[in-house]
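Shared between the two complexes below is chain A, which has chain B as its partner in the first and chain C in the second.
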Partner chain A sequence: MSLRRLLSLYGLLFLAFVYAPILLVVIYSFNANTLNMMIWDGFTLDWYRQIFGMKTDLADNATYVDSTRQLYGAVRTSLIVALSTSVLSTVFGTALALAVARYRFRLAPMYRALMMLPMIMPDIVLGIALLIFFITIGMNLSMLTIIIGQSTFLVSYVFVTVSARLAQSDPGLEEASADLGASPAQTFRKITLPTIAPGILCGWLLAFIISMDDLVITYFIAGTGNTTLPIHIWGMLRRGIKPEINAIATLMLLFTLLIAAIGLYLRSRRQT
Partner chain B sequence: MPSPLEIVGARKVFATPEGGSMTALDGVSLKLASAEFVTLLGPSGCGKTTLLRTISGFETLDDGDVLIDGTAVTQMPAHRRPVNTVFQRYALFGHMSVGRNVGYALEIAGRDKREIDTRVGEMLDLVGMSGMQQRSIAQLSGGQQQRVALARALAGKPRLLLLDEPLSALDKNLRQKMQQELKALQRELGIGFIFVTHDQEEALTMSDRIAVLAHGRIQQIGTPGALYRTPANLFTADFLGESNLLPAEVSGTAARLRDGQGFAAARRGGPATLLLRPEALCLRAPNGPALRFDGTLRETFYTGTDHQVVLDTAGHGTLRALLRADGALPDIGAAMTLYADAQGLHLIDEVLP
Partner chain C sequence: MSLERRKRGHLLGLLGAPTLFLLVFFFGPLLIMLVYAFLTPGLYGGVDWVFSHLNFGRILGWANTRYETFDPVYIAIFLRSLRLAGLTVLSSLLICYPAAFWISRMRPGLRAFAIFLVTLPFFVSLIVRLFAWVLILRPTGFLNQALMGAGLTSTPVEFLYTDFAVILGMTYVFIPFMFLPLYGAIEKLDMAQIEASFDLGATRWQTFRKVVLPATMPGIVGGSVITFIPALGNFIVPSVLGGAKVLMIGNLIEQQFLSARNWPFGSALAMLVMAAVLVLLLAQTRLARAKT
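This part shows the complex of A and B:
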């Protein structure tokens, strides 16, 4: 076999390795078999009906006993957290990226490196550190601590995407704007912001998706009564893997893809 | 009427990344007599761009003053100064249409939409891009982008237009066309143009006056003709046009070349340098006193109207001459004699290194 064919086979195998499990989750979320998840037993929408609280013929022992209300509560908490966190980290991350890119000051490369650090920091370390911090300053664990905690590392993601955009943009444009009489505030509004908008949007969506998805750090700082969707699912799994989980996973996947698609669409519209 | 632009004793020192310092402007003074076309000419790193940026307000001076229409603007931020710039790489706003780019200064000034539209139309007419308001910047050719940058800088009716090597990205034909258009435009608008370039031909073609810069100082300022015929120092002589520079010794009103040939000089005495432009050399001896150079013909280049000739001489090194193409030239390698009129020659008060 030629090297070329070997490489393409490798590529196919790699794609299969990555996507096959995800594809299986989606397929089995329509599986009617209530006992063995991995054996196909006909098509059903019951698992989705169950999630949305509709009447099904499923026996109680085939599903998680949680009420739909609890699941919805977790989704709601996750959405509130993700929305607040992503907005917060987008504002701060963008401001930081602008400061590091536009102003020359001592130790600028060090600040840049420090901004990247939370991305490679082990989640558990960050989680423990945040927990200890909140306890030390006497802050009760709540939705607010989740939002603050997640923002600390999501700022990095926004910083990186906006910085990349800034590195491509021509600082000469801002000079040209000032030359034509625009004050620094006008220049920011009319030139800088539209130029880096795709980077900001990209960072915001990334922060939103990662926040929706974060389990480890959130688990440390959530406290009781603030269950996000990943924590809720984790709790469900501890009571055995039941087909319902496939449907939830499929819906989450769909939601994430939708957000990514919106991002791509908005980006392509900006560029034309 | 106050001068459109006056620069007094401008000094600017930059810190280099190595921890040293670089003097970009070393006491530069410049005054526009009226709405002139003044070119700042010099090699890269001579301080010409720094000087332009201190006028537009993007660099602050360490010492000295900038006055526009008699008002000191030294401490004024760039966006308040009544000057606009055509940037080297145009710096057009890619997320805006051609029309919005051109109308940007008026939009910022809060003018109403009708007035902006009218002015944008006028400006696009002026630069030969009528009706292209809706185009996007990405759709434009290099020459068109150049014109939009020009229209944008002029739309706000600046007191002074600054041009930072705006033609360097254009091909030769387009550049020559734009040179003529810019000159005509400056005359039509009646405002001062400060044009930065390192291209001496461009400077000679367009300028009312040229300021030659090197090492952060103005070496000489004057009309293109004066700078070409009577450069004040070796740098100007060498940078502007082609030149043959010969060491000379002056005593009283007589000067001598190294080989003893004499010519009249209006100078006191001591060593100096004789400037002979290539077109001052000719094949036939002129009537009256002349300098004579014997040598062998090394190379000739035919340019259509002239022959460029390189002559190796025994006592004066290599001479370059520009001869009318009507005369017959000897073969390459053959002996050849060139003459120069010994009257009205220009001496430079510097000794060749």
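This part shows the complex of A and C:
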């Protein structure tokens, strides 16, 4: 076999390694076997029915009404946090990226270097630092502390995404616009914003998805009563592997793919 | 108002709020954590605002009071975390390098799609991806079913709650971290150089070692560093796939905050992780500077 063929074969194996575990979860989420979830015993939608609190043939149906309510609460918290966090960090991250890319000032290189820090900071370190901070200044742990805490590192993700876009765009266009008599506001609205809009959008989606998924930092600063979806699932996992986790995971997967698809669609539209 | 002053105003408008936000909520917490690492833990949780170096003494060797004594187990756990993170980097490098090479040689349209495929799982919830591996590795899991079905083993092999499971899990969740820097470096490879190397009579292996490897080294170093850092302080992967047996420094820190309630000691441990990360980053920048 030629090296090329061998490489292709390996590549397919690599993709299988990446996707097989995820596919397995999806497949098992339709498994009708209630006694041993690992042995296939026909197709069912019962696990999905259970998540949505519908009546099923499963024996312990009643106990699920309560867990369904908890699940909904977690989803709601996650969505509120992710929306607020992504907007806040997109505004801040974009502003910083614009300042560093389009203005000459002495601290610009320092900003560029320091903005990497929140991204490379081990999340457990940032998580406990935020916990200590909020407790020390007497701020009660709430949804607000989650939003603030997550934004501290998501600003960096947006900054990098928008900066990459700014680096690709031609500052000459903006200079030309100014030379032709456009006001800074006009130049920003007509030239700068349209060119970096895809970057801002990508940064926002990225921040949204990472926020929805953040476990470690949220875990430390959520306090009681503010369970987000990842923390809820983690708790379920620690109490034992149950088949309905498959179904919840599959729904989360679907949601993520939807957002990724939207991002890709927007990107393809921009190119044409 | 002069143009220069107006520009200055715009700049301040852009920088002001985010700078203040990050100063207060990012650097502020890190600073307080640094202070906490040098405070005395209160007897019933909480903290006494009295200077103490014994939190570090407990880890590094000089503490021997009634409540605060040195225990070599902390260094052992730290070293173990370094080892597991190192092995994670190694395995993900070996897995991702050929894959990045494969994709960099595709047609442009296909290439973009392949990169999308590799990065997509990054957006899939971490906890979901780890749960998938629990299903595969557990005693009644997919892997054991396959092994027993093939007659390779008669009793289930204990995969879950081992070092192997933790390394595999971390490798899996950090694939995009390693893949993207590698791909960035491999994509920039100058094909003319490789052809020249072949023309001059070098073998495939020689070409790889003398041309391809040095040219892609920045990607290798970059990918390794950004994989190593989150692996070192990780506590979700060991707590899901490692059970109680595989304790990493992250688990130890978490315990100090949520069950042992010794925040100063937990802060000291976190400083240790930070120190390791900083050393690594400094080494990387020095390396990069030495090259240019």
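As a working rule, the second predicted complex is superposed on the first by the 264 of 272 C-alpha atoms of A that agree within 3 Å, B and C clash if a C-alpha of one lies under 4 Å from a C-alpha of the other, contacts with A are read in each partner's own complex, and residues count from 1 in each chain.
Following the convention adopted for this analysis, a residue touches a chain if its C-beta (ideal position, glycine included) is under 8 Å from a C-beta of that chain, and two chains touch if they have at least 3 such contacts.
Note that the structure is predicted; figures quoted are calculated from it, not measured.
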item	value
Overlay on chain A: chain C relative to chain B, clash or fit	fit
Between chain B and chain C, more extensive residue contact with chain A	C
Partner chain in contact with A:S183 - chain B first, chain C second, else both or neither	first
Which superposed partner A:M54 touches (first chain B, second chain C, both, neither)	neither
Chain B versus chain C as contact partner of A:M139, first or second or both or neither	neither
Which of chain B and chain C A:I191 touches, first, second, both or neither	first
First (chain B), second (chain C), both or neither touched by A:E175	first
Apex chain A: angle to the C-alpha centres of chain B and chain C, given in degrees as a multiple of 10	90
Touching partner for A:I262 - first (chain B), second (chain C), both, neither	neither
Which of chain B and chain C A:G93 touches, first, second, both or neither	second
Superposed arrangement (fit on chain A Cα atoms) - minimum chain B/chain C Cα distance in Å	6
Contacts on chain A seen with chain B and repeated with chain C across the two complexes	184
List of chain A residues in touch with chain C within their complex	3, 7-8, 10-11, 14-15, 17-19, 21-22, 24-25, 28, 36, 38, 92-93, 95-96, 98-99, 103, 105, 111, 117-118, 120-126, 128-133, 136, 148-149, 151-153, 155, 184, 209, 212-213, 215-216, 220, 229-230, 233-234, 237, 241, 245-246, 249, 252-253, 256-257, 259-260, 264
Complex contact set, residues of chain C against chain A	6-7, 10-11, 14-15, 17-19, 21-22, 25-26, 28-30, 32-33, 36, 95-96, 98-99, 101-103, 105, 116-118, 120-121, 123-129, 131-136, 138, 140-142, 145, 172, 175, 204, 226, 229-230, 232-236, 240, 250, 253-254, 257, 263, 266-267, 270, 273-274, 277, 281
Residues of chain B defined as touching chain A within the complex	56-58, 77-80, 83-85, 87, 89, 91-95, 104-105, 108-109, 152-153, 156
Sites on chain A touched by chain B in the complex	170, 172-173, 175-184, 186-187, 190-191, 194-195, 270
